[in-house]
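All remarks here apply to the structure that follows.
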């Protein structure tokens, strides 16, 4: 009886919900990462101007939020594409599938360097990922050398690494809602973590504890959540020469007159170093396409075509102008082939 | 749903016809002598028209409301047993696909034979329904119209009938306010309850740490995930406090000056100019705070050797105070003007100076009203969003230092919801819980403030 | 002020037409009677008041003697209240109001440039038509004046002033047990006496009363009238009243105003028994007004 | 001063005391008055600083640097087959033509970076301007045309003086060699500040020099149309009922309290309502003016109801009595006599409510109107932003030229608000009656 009532409730909800939903749509609906947003909007605008299709609508909802909306179902009321600053997870794909979103095409569009920057008035520190991990993790290996974890005792960079100046640790970075944060954790914290063998060993033994150790960021003021507004971070850095900031390479590129990227493991964040992979902290950017929508929503194919075209994603393309690091040639060829064929993810 | 507009047009035509015939019949029963009729002929026309349209409309609405679920149930019961046995989630998916197939929307996969059959069935049911609906609605409209038509007599009180229906419509309109409140409460309540199932309400209300870093995904390590909202409340109060220390003295003194001292001409210019401050959109203040005031404060702070956060509570509070000035001054102006002239004369008559009159007579007399006005302004400050979203920080500091960055309830609602729209993690649910708190707090403030103001008005009416 | 009253001003009873009835023009409205007294407290000469374009008071000269009660009577809108408000410059609070002429208080022009209205009003206090106690305690109402004027050094001083003022106002016995109650909670008559107590607490030289009893019942009125009689020993009192009986009861001299003119000033007894001006006679015999 | 010897006993001492205290009291009085003046001036100062900072930042956005380029429209590049087919013309690579023309102007520039910088002098929109020109008149193909196109935002910023030429090269967005090119272009009269008509006729763009507010403006207008068409009838009907017909009972009391409270509920809460009810339950499309309008309707309704009730209240009862006295029903008296007299007041209240809705941002953030929408919306179902949301979005954009655009958009928004308030004031002046 109870089950029947539940089923009835579910059914009536389903039945009434789309009463007002539109049954056709003549523009592409895109959601997702705020990191990819500036690139996607440029392509969308170019696409809208160059073709007779409408310019896609792009909402900036964050990677996770975008995937959530994207995976809510198939149909014009759901978005066609979601941008992501990280690869979609298996669990998310499964979630998609249960909602009927079965065929998803992954498009890797390029790389974004995650720069750690400071004001031009700052002291141009040379950092390593290990330094960053020690400075920012909530728990760090006991400084006395025993293989135990203690709450992060470090107050200045000098405490972390004697080669660094005695400046208070103050890093402005993205909040946990942001894909940039995810990437930072994976590319810097995990890597820094792995430089301690006993923690690295935990990876196999107790994955959960490993993650808790490596990916939890201190909350005692050393790391300041500065919101998604990277402009403000730049302003703050300018005001406070001892603070460091974490943001995408494109922002660094736009604000070269005010801030400077710090070298990590000896490599400066530059167009070339990111592109050839020598700069260690860079991450791929993606977008995901619902295959079921490609044939139905007008302009989908053309939009994909525009995005992967040479003049957009190519080495001299307009996305590179905006600070997106293009894919290496061979990778570009595979991506381009896969998109043209609409190969879905397995 | 394409038949609905056609049906509506038909109904409209039908009721227009009903109006025409109603008028005509009224003339006829009165033998052309309108004075004999109880009401004007137009009312008879309206009466018949309403009879023709309203019942049919009601049936139409009810039909449309239930048609979907009834058809869906029928289609589901026609599906093979194996599909019916699926869990509600999967079943929903199937139903959704069928509906998408029918409406020509995108379908999740290649439809198989059963699906196509079900869609066909659905479609046939839909067309049966549509025809039936047409027939039923039109027949009902005709019958009811005829009923109304047949009631037309010389003595029939058509106007009263029409008016009671209009009255009903007016009542319906006035209940929209109640529905809105109910809607607000429901929309935040359910999500809040779910939130409080995950996070104890005491922890939420009294916890000293706010750090909603629950893992975004199952495989990601979250931080402590503390949901103690006290730092948010404290931050909100700090910014509100700063805003009020700007707005209350300036607003109140301006109101007193303009009401008691200023010449008519100064008043005529200054008062509307001050009120412009209230009309400027808050996003403009936010922009102003973030780009002009905050850097200014930070620079003057560093000039004085102070360490000022670039998202200092001071900047947001200062600008919010600017915005609130006219709220305080207009409302105070009202209450000051409500103080009877006789009290002023009483004080002047014994040689009190203007300032003594204001401070010792007018101000105490107007105090309850002013307190009400200030409470309303406080509630406005607490709920203000754009200024703090653009100019205040995200860091949940439990501090009373206005030079540090604090975060507020509204900022967190926006970041939690706009940053990531997962509707089931406690993180986003927390936004609704914060919304609930915000709603309740402002509700209580408004309630008290309005009560005080009303009591005060009664005193001098 | 009822507009009807104003309209009635020129309406004479048809039958008993007086010789002046048709010629009540400006020129016959010259003041008759004794406008001057020896050793006046206030001496007004050629007072004119304009409200915007309205000429409310026309060329009035009048003295207020020491220790006397001067009553001012006349139909509504005749300018008696306006004149009263000139005496302590309450008209300053009315925008667009212009006062010309000379008002000497103890020989000094109160409209003089260097005169501050504040001490002036402390010397010439005013009690209004409608009782207007401040929404504070009885005690605070009386203490208001002494406080703002700095007439007391200590709470004990103040207590003395409050008590003596309330006693003088014949209110002490009624309120001594509830000095902390709100003044607005008293009855109308008590409120008016409270306002008088409030005025005398600052020991003014002159008290102006603008129809102080018009809102009161007969018993309260009697109490206030008795109070006025007692206060005359210490203060000069100028009272505007609508009630000729009241004027007759409380005042030594009475002035009759008509349409912004001062028609007649006489000893009260004489004015009521043997008016010298036709308009006065018409008024006191109830022909109009 | 006066010799107070004539005063009664007691009066003398008190008068002396009063005199003694006067200096202090006068000073206090002056201080208080100064405080009042100060408060008013501070308030007005705030207003003027705010307006000044907006206007001084934004007025330059109404001009845009245009650049004159000579482009050779090579037939081989545009239409090698010579079909003059519209689709071919549309797809041709005009940007390479423009790049060619830039190279022709500065033949000495070489190296990938420098060329990049050179091409960057012209806006990305130039290619589309050229395309539109060619498509409008295909006979131009093969000729050399000279046309004015928008310059890049950096050039624009330099021309407007927002970039400091004297700063060290490293601290400057425009490098020394680029500066040299720009100066040369200026010397050749190829750079000119012109009225920025695109700002009013185009939709949003990721290039500041191409970004316009028309899309946001239309979105705002559609939103307001929805709001107005719902909130005015609803608000007036509710006000009429409450003021004229409602019996005094608990139910109407509840409604009253409700309305007064709703008027002061934070706007963001209405956004939560829209998210939970309109999107999640009714399934309305995100980002649509329809949805925004619905949310704003609920938000402005209390304002309109309260203002309308005040207007109805100010109609004297004698009017109602007069109508009722000659046998009109209460409904007729209200409909034919009271409402027409109260209408100006109701309209004024409605305009004020609309002005409030016009500037509102927070609830729209909750319902997906924070989006990049380049096309100008054509109806209430099209995705759109609103003017305040556009301001919010631009304020967050990295390109510095957006600061100027944001300020300009604010000026437009304020102009609209001023206009609406002016209409309200005029209405009030024109129809105000004193009973």
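Order of writing sets the labels: A, B, C and D. Residues in every chain begin at 1.
Keep this in mind: a residue touches a chain if its C-beta (ideal position, glycine included) is under 8 Å from a C-beta of that chain, and two chains touch if they have at least 3 such contacts.
Nothing here was measured: the structure is a model prediction, and the numbers come from that model.
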Next item on the list: Using mean Cα positions as chain centres, tell me which chain lies farthest from chain B.
Entry: C
Notebook entry, point to check: Counting in whole Å, what is the centre-to-centre distance of chain B and chain D, each centre being its mean C-alpha position?
Noted result: 22
Notebook entry, point to check: chain C to chain D: how many Å between their CA centres?
Noted result: 60
Next item on the list: With chain centres taken as the means of their Cα atoms, state the distance from chain B to chain C in Å.
Entry: 58
Notebook entry, point to check: Using mean CA coordinates as chain centres, what's the chain A-chain C distance in Å?
Noted result: 85
Note to self: Could you pull out the residues of chain A that touch at least 2 other chains?
What the structure shows: 18-19
Checklist line | Where chain D touches two or more other chains, by residue | finding: 18, 25-26, 370
Check: On chain B, where are the residues touching two or more other chains?
Finding: 290, 351, 353, 356, 418, 423
Next item on the list: Could you run through all the chain pairs that touch each other?
Entry: A-B, A-D, B-C, B-D, C-D
Check: Can you name the residues of chain B that touch chain A in the complex?
Finding: 1, 64-65, 68-69, 71-73, 76, 88-93, 95-97, 99-100, 103-109, 209, 211-213, 216-224, 290, 295, 298-299, 302, 309-311, 393-395, 405, 415-416, 418-423, 427
Item checked: Complex contact set, residues of chain D against chain B -> 18, 25-26, 28-29, 31-33, 35-40, 42-44, 46-47, 49-50, 53-54, 57, 233-234, 237-238, 240-242, 245-246, 252, 254-255, 257-262, 264-270, 272-273, 275-277, 280, 298, 301-302, 305, 329, 331, 355, 358-362, 365-366, 370, 388-389, 391-392, 395, 403, 406-407, 410, 413-414, 417, 421
Margin query: Touching residues of chain C toward chain B in the complex: what are they?
Written below: 88, 90, 93, 95, 117-123, 125-128, 130, 132-136, 144-145, 147-149, 195, 198-199, 202, 204, 208
Note to self: Under the stated contact criterion, what part of chain A meets chain B in this complex?
What the structure shows: 6-8, 10-12, 14-16, 18-19, 23-24, 61-62, 64-65, 68-69, 73-76, 89, 91-92, 98-103, 138, 175-178, 182, 208, 211-212, 214-217, 219, 224-228, 232, 235-236, 239-240, 292-293, 296-297
Next item on the list: Under the touch definition given earlier, write down the residues of chain B that touch chain D in their complex.
Entry: 159-160, 163, 166-167, 169-171, 173-178, 180-181, 183-184, 186-188, 190-191, 249-254, 256-258, 260-262, 270, 273-274, 276-277, 279-288, 290-292, 322, 325-326, 329, 351, 353-356, 358-359, 376, 379-380, 382-386, 389-390, 410, 413-414, 417-418, 423, 431-432, 435, 438-439, 442-443, 445-447, 449-450
